[in-house]
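Labels run A, B, C and D following the written order; every chain starts at residue 1.
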Amino acid sequence: KSDIVVAMQLEPPHLDPTSAAAGAIDSVLYSNVFEGLTRFGSDGSVNPGLAASWEISEDGTVYTFHLNEGVKFHDGSAMDAEDVKFSLDRARAEDSANAQKALFKGITDVTVVDPMTVKVTLDGPNGNFLFNMAWGDAVIVAPESIENIKTNPVGTGAFKFTNWVQGDKIDLEKNADYWGTPAKLDKVTFKFISDPTAAFAAVMAEDVNAFVGFPAPENLPQFEADARFQVLVGSTEGETILSTNNKMPPFDNVKVREAVAHAIDRQAIIDGAMFGYGTPIGTHFAPHNPDYVDLTGMSAYDPDLSKKLLAEAGFPDGFKTTLKLPPPSYARRGGEIIAAQLRAVGIETEISNLEWAQWLEQVFRGKDFGLTIVSHTEPFDIGIYARPDYYFQYDNPAFQQLMTDLNATTDPAKRSEILKEAQTMIAKDYVNGYLFELAFPTVANAKIKGLWKDAPTQATDLTAVYWED
Amino acid sequence: MSLLVIDRLSLEIHGAPILKGVSLSVSAGQVVGVIGESGSGKSMTAFAAMQLLPYGSVCSGRIDLGGREVLALSEANLCKMRGRDVGMVFQEPMTALNPIKTIGEQVAETILIHEDVTRAEAMERAAEALRRAELPQDRFPLSRYPHELSGGQRQRVVIAMAIALRPKLLIADEPTTALDVTTQAQILKLLRRLVDEEGMGLLLISHDLAVVADMADEIVIMRKGEVVESGPADWLLRNMQHPYSKALLAASTHQPDRSAEEQHDVLLDVREVVRDYTIHRKGWWGGMETFRAVKGVSFQLRKGESLGLVGESGCGKSTLTRAILGLEEIQGGEIRAFGVPVGRDFPNALRSGIQVVFQDPYSSFNPRWKVARLVAEPFHLMSQRPDDWRDRVAKVLQDVGLEPEAMDRYIHEFSGGQRQRIAIARALILRPEIVILDEAVSALDVSIRAQILDLLAKLQGEYGLSYLFISHDLSVVRSITDRVMVMKSGEIVEQGETAAVFDAPQHEYTKQLIAAAPVLPADVTGGERHDRPEPVV
Amino acid sequence: MRARNLWIGGLLSAVFVVAALVSLIWVPYDVTALDIANKIKGPSGAHWLGTDHFGRDILSMIMVGARTSIAVALVAVGIGMGIGVPLGLAAAARKGSLLDELIMRGNDLVFAFPSLLIAIMITAVFGASALNAIIAIGIFNIPVFARLTRSGALSLWTRDYVMAARVSGKGAARISVEHILPNVLNLLTVQGTIQFSLGILAEAGLSYVGLGAQPPIPSWGRMLADSQTMISFAPHMALFPGLAILLTVLGLNLMGDGLRDLLDPKLRRARA
Amino acid sequence: MLRYFLKRLVSLGLSLVVASGVIFLALEVVPGDPAAYMLGINAQEDTLAALREELGLNGSVWARYAGWVGGLLTGDFGVSYTYRTPVAEMIGERLWISLPLALYALTLSTAIAFPAGIWAASKRGSAVDVSVMGVTQLGVAIPNFWFAMLMVLVFAINLRWFSAGGFPGWDTGFFVAMKSLTLPAVALALPQASILARVMRSSLLDTLSEDFIRTARAKGLSQRQALWRHALRNALIPVLTIIGLQFSFLLAGAIIIENVFFLPGLGRLVFQSISARDLIVVESVVMLLVFAVIVVNFAVDMAYAVVDPRLRGRR
């Protein structure tokens, strides 16, 4: 068997990874159809991609990439340094619609040295630059296909796009002319099933061969008990947090935030909302990262302490606030549990369930909220705490200085030290309630091999997947 | 030989006794008339003969139809019998036909059901049956739909259906009650002709003694599910024994005592009144079109006078009434009451001088109000309801012959006659000078009708009321009015002293109308019999 | 047969009304207190209908949910009647006028909109809440009552007693209130019962897609939505709220049928 | 008749104009920015502005309304904000599922309801009648998404007779495609069939108590013959109305069922588009649905004339 039906919850709105935030686009196309200069490995490491190798200048501001030989776009044209320059210039241009424009912020110039070499100049050293270039938003696209990229993506990957039935599925087929290790599968179908019940039914009825990011953790034990299936529970970059509006009274009082942190029973949330899947976190950092510090002890579940802190902060009888929840079930279910836990210490929350568009409008842009629950799935995103206008409005110059230092630092040991300090700083300030690292469950037919377990980025890399006889 | 013999037939519906030992028989070439007040079981007797009784009916006794025991027949055999051996014609020609099938199809169906013939042949014979029912093909092709025919024409279609297979017996359940007198005369004549020419037996049900007296060879009088008396028509009419029969006869010919008053000043002056309705015209490109329901009517009503208005259904009587009451705009002419033009600005004080009594005692009252409130409703015309309004209601109820206790009951607790009294009470509560009675007694049984007419006469004598009395029933109009107007298609074609108009009609239409009205034989009523011209068809 | 409908229907509806009322003063367990350790337990002596995924008592949730359903449906029907009936009366009183035409075309227009979509749009504007569910359901009740009232009223306007009231100098508004309204009340009661049951179904549907009452207020539709993914291993979580909806709606419909038979003499006659 | 037809046509057109205004205005006040939705939480202000410009979200309300309506009239429904494909194309694709599904459900529902209703009416008061009425009461009361859930549990997960959902496409063959629409169609049809059967029965009973049925019986037709030849066609008018309403409902109201069976139909398209604030898609689909309802009602009215000759000549 050389074809596979892989299901996922969200359908890409369109097929251009360089002009939308939708993770679903990467889920389908990243590394399958599109590739960047560097690429993420299944463990989150940054590996060579279209660039076979690179040199970094002494001062860390000039990167010279040497491209792989014989790379062709799916339309048959060759991929060369011009395409790299085009892609990077397009992403950082004034009128660019790239959702992660910040990734390209430091680039001052992109020069084609020769067809196989490209030179990128930065305005300062950036320890994250290679990492940034591995993102789906930084993949290399061809100027001649850019017109129709949203419906007919042309990349360099091991699979070619063939067909998209909107609302239903996307078909890929093997790229026979692939420059690297060719894919083992001939045909791939991505199917989009947003409803969790339908997802369960589809897997159970074997309408789909694999479901990546299975939306209903409660069903996983059933799959585990069924010999037909394998269940891979991997880690993600999704820190699920109880975001707190740091500028809104009474949350501008660190005592109140601390009280909230102690009122929350993480394990109950993981059990109740995620049916046990998820790793508790005590700060905004992925636990599988080597630099992670376990700070969960600082916000251990202690309702009595919480009440005491509230009284100290001047709220012996608690207070009322809002809890605005976006659609994912971790938020909706987690919200109900947190509401009950907060009620136990006297904090009354008014829950409102919002659609994403409303959440973006009210919470993210309007900053009209007390509490909200959301999973920050971008990899390595502790930097958001250095943005005082970010929706949770944490404004701490000391932290901002730390991040500036971090960006300028390339020495791994130094970086690690700074990161640990940053983690501790936000945990001490109880900026947000840190709940758990989102688990990434994949349910698949037991005979499928080579699937990624973890999700270091939103990708479903199928290049190494095959059916075991 | 008897075609139909009903012998001690009893009927229960859901356990309630409806018929109690009814016996009658019909022979070939004979017309048997069944008469009785509403609810006396006439229709149920007819349905029993056909075995088309309502759900939950249980029959006992004997029904013999052409030598076969109907009550013992299987449903399949009953189906074979219906339509072939017995035909039936019902009261309501408007609803008796399937609105979505052509008349040809419907008549032919009778034939197709019973005989193994081709459709074409059945249509052929349907045309023949329609012709016998006086609907010739050149004017009424088979492809007509019922809604394209008038009531009388529809009734002919029903008759054609019933006689298509030349059944030996025809049952007609009030076949003309819903029709105009002139149309009624035509239909009755048609039925008579069929009996005479084809030797059919006819069981004719009616509540109108005059109709039965006119048509029947035998008369059966029913009351409360029983036959009270029966016998040959001529004999029975002159030798009634049962008190009910006598009362029925007396009521049919009742003449209320009227003490005619001096006739003074003009209360109501109607001049050249025109009423147009806008209607949508038929046809593919039909536009709006006006229909003139009242075409330049003029008359005067004097104080203490009783003025009759007769004419067939749809001639514009009610429309005129509404115009006089100021309920509808008029498009031409003028109506003055008490010297003031009736219209939007007609003062309430004067408005209370004109009141009205409607035909249907059932729909004249809001079923959710008590009688006191119903009768007191016209007080709305006064600036405020008088404090002694309950006393006044009690008084007026007494005037119309009801106990004051009636005030606190709901309208459904009264009989039809009592309701009409309450309607009259409501019309009188403000002591009006003019009372308009639009078919005020048409829905009542003869005996009750007589009582109401007496009451009206009495009240007129007591209070000097003026009546505008509208009816299609000539005998009633004759008995209660001083002057009469005859209306046809929105126009008054003749008016004058009642006796003069009836005895010597001038206009052709008046003549037709009077000729068509069924009248009891003079020696039965005790009065003289008028010379009647042949009805014109 | 007729009375039986009324009885069974009345009894079923009464059970839920009583459950809703009782829940105001007492429920077996607090529905806002979670007990994660006891989640997803089947029916037992302690929890007659089992517990849900947060360990809440399903019986208590259904009782309080009845309150939500009944309140939402009742107010929505109230809105429909409150606006629809006057519109219908006005249209009938001015039959053939511009007002009548406007009201009737407006009704058609509302009918033409897919109701669920409008509900979704309303919540997109104002956010999801029980109130918005009420408004959404209420809007679609308006044309139902307007049409019914108009057609009932039109036949009443031809009655002689209306003519008599006009002869007594009463205006259209007064006649509508005094004569027409009381006599269309039967029709409205019957339709009201049916709309009420439809309202409960609609509320369930809206809550099911997350547009109805917000947590922690329990609602039958959301209970079904929550139980959906667990139906294969915890069917009791879907079964009981589903049955609650089914039986309540069934009860109300039966009651509506029974009432119709009781109140509508025309049908009674036709069926005799 | 033609006049009547034209008059209805004019009022139909007016309704559509009003509807378009209502839809546009309603969506105008919907908070939420499609550009923000598309770009997510890391987007920068200038990126957002660029995208808004690109999507044409910056014009005046009137200009956008005029553009939209003008487009509708010329068959150009615009381009979806999120999918960046022509809306007309998307609708066309989705219609190929929604329309057959609606027709399938309608066929099922009439195929069940007609015999059941006729049977119950012809055997009024019998055990058959009582049980048909009982079952339909249940059918009306059952929430269809719950019923759908139960059906998936039984027929897809346990028995595995049907796939749990999804649509394989018409190119897999008519029967395969129809099979995948079967469970959704049944879930949709059950309540509809129940309502229809009840309407059919009561309408038939009403007609059966009419005078002309008695006339027909007096001709010698049996109860059955009278029912089939005379009552049925007359009873059809209220039934037609309900069928018309149901068709429109099926086309638009299948959102929940489409979700349960993850069918990429019209309903789900709107649902998704609203959450993505892809307003141009929402506007056009809602407009289309409203149009369908109005046209279906118009067709039903015209169908009356076929059934009832009294309407042919009049008004």
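We take it that a contact is a pair of C-beta atoms (placed from the backbone, for glycine too) under 8 Å apart; a residue touches a chain by one contact, two chains touch by 3 or more.
Here's who's who by UniProt: B = ABC transporter ATP-binding protein; C, D = ABC transporter permease.
This structure is a prediction, so every number in the text was calculated from the model and none was measured.
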| item | value |
| --- | --- |
| Chain B reached from chain A - shortest hop count over touching chains | 2 |
| B-C compared against A-D, more contacting pairs | A-D |
| For chain B paired with chain D, centre-to-centre distance based on mean C-alpha positions, whole Å | 50 |
| Averaged-CA centre spacing for the pair chain D and chain A, given as whole angstrom | 40 |
| Geometric centre distance via CA averages, chain C-chain A, whole Å | 44 |
| Chain B, residues touching no fewer than two other chains | 55 |
| Residue list for chain D, restricted to those that touch at least two other chains | 31-32, 125, 149, 157, 259, 274-275 |
| For chain A, residues contacting two or more additional chains | 197, 204, 327, 355, 357-358 |
| List of chain D residues in touch with chain B within their complex | 1-3, 124-125, 210-212, 214-222, 225, 229-230, 233-234, 307-310, 313-315 |
| Residue ranges of chain D touching chain A (in the complex, touch as defined) | 31-34, 36-44, 46-47, 50-51, 53-54, 82-85, 90, 93-94, 149, 152, 156-157, 160, 163-167, 169, 259-262, 264-265, 268-269, 272, 274-277 |
| Chain B residues within the chain D interface of the complex | 50, 52, 55, 75-76, 79-84, 87-88, 90, 92, 95-101, 109-110, 113-114, 145, 147-148, 158, 161-162, 280, 282-287 |
| Interface residues, chain C side, partner chain B - complex | 159-161, 163-170, 178-179, 182-183, 272 |
| Touch list for chain A against partner chain C, complex | 196-197, 200, 204, 216, 218-219, 221-222, 268, 271-272, 327, 332-333, 335-337, 339-340, 343, 351-355, 357-358 |
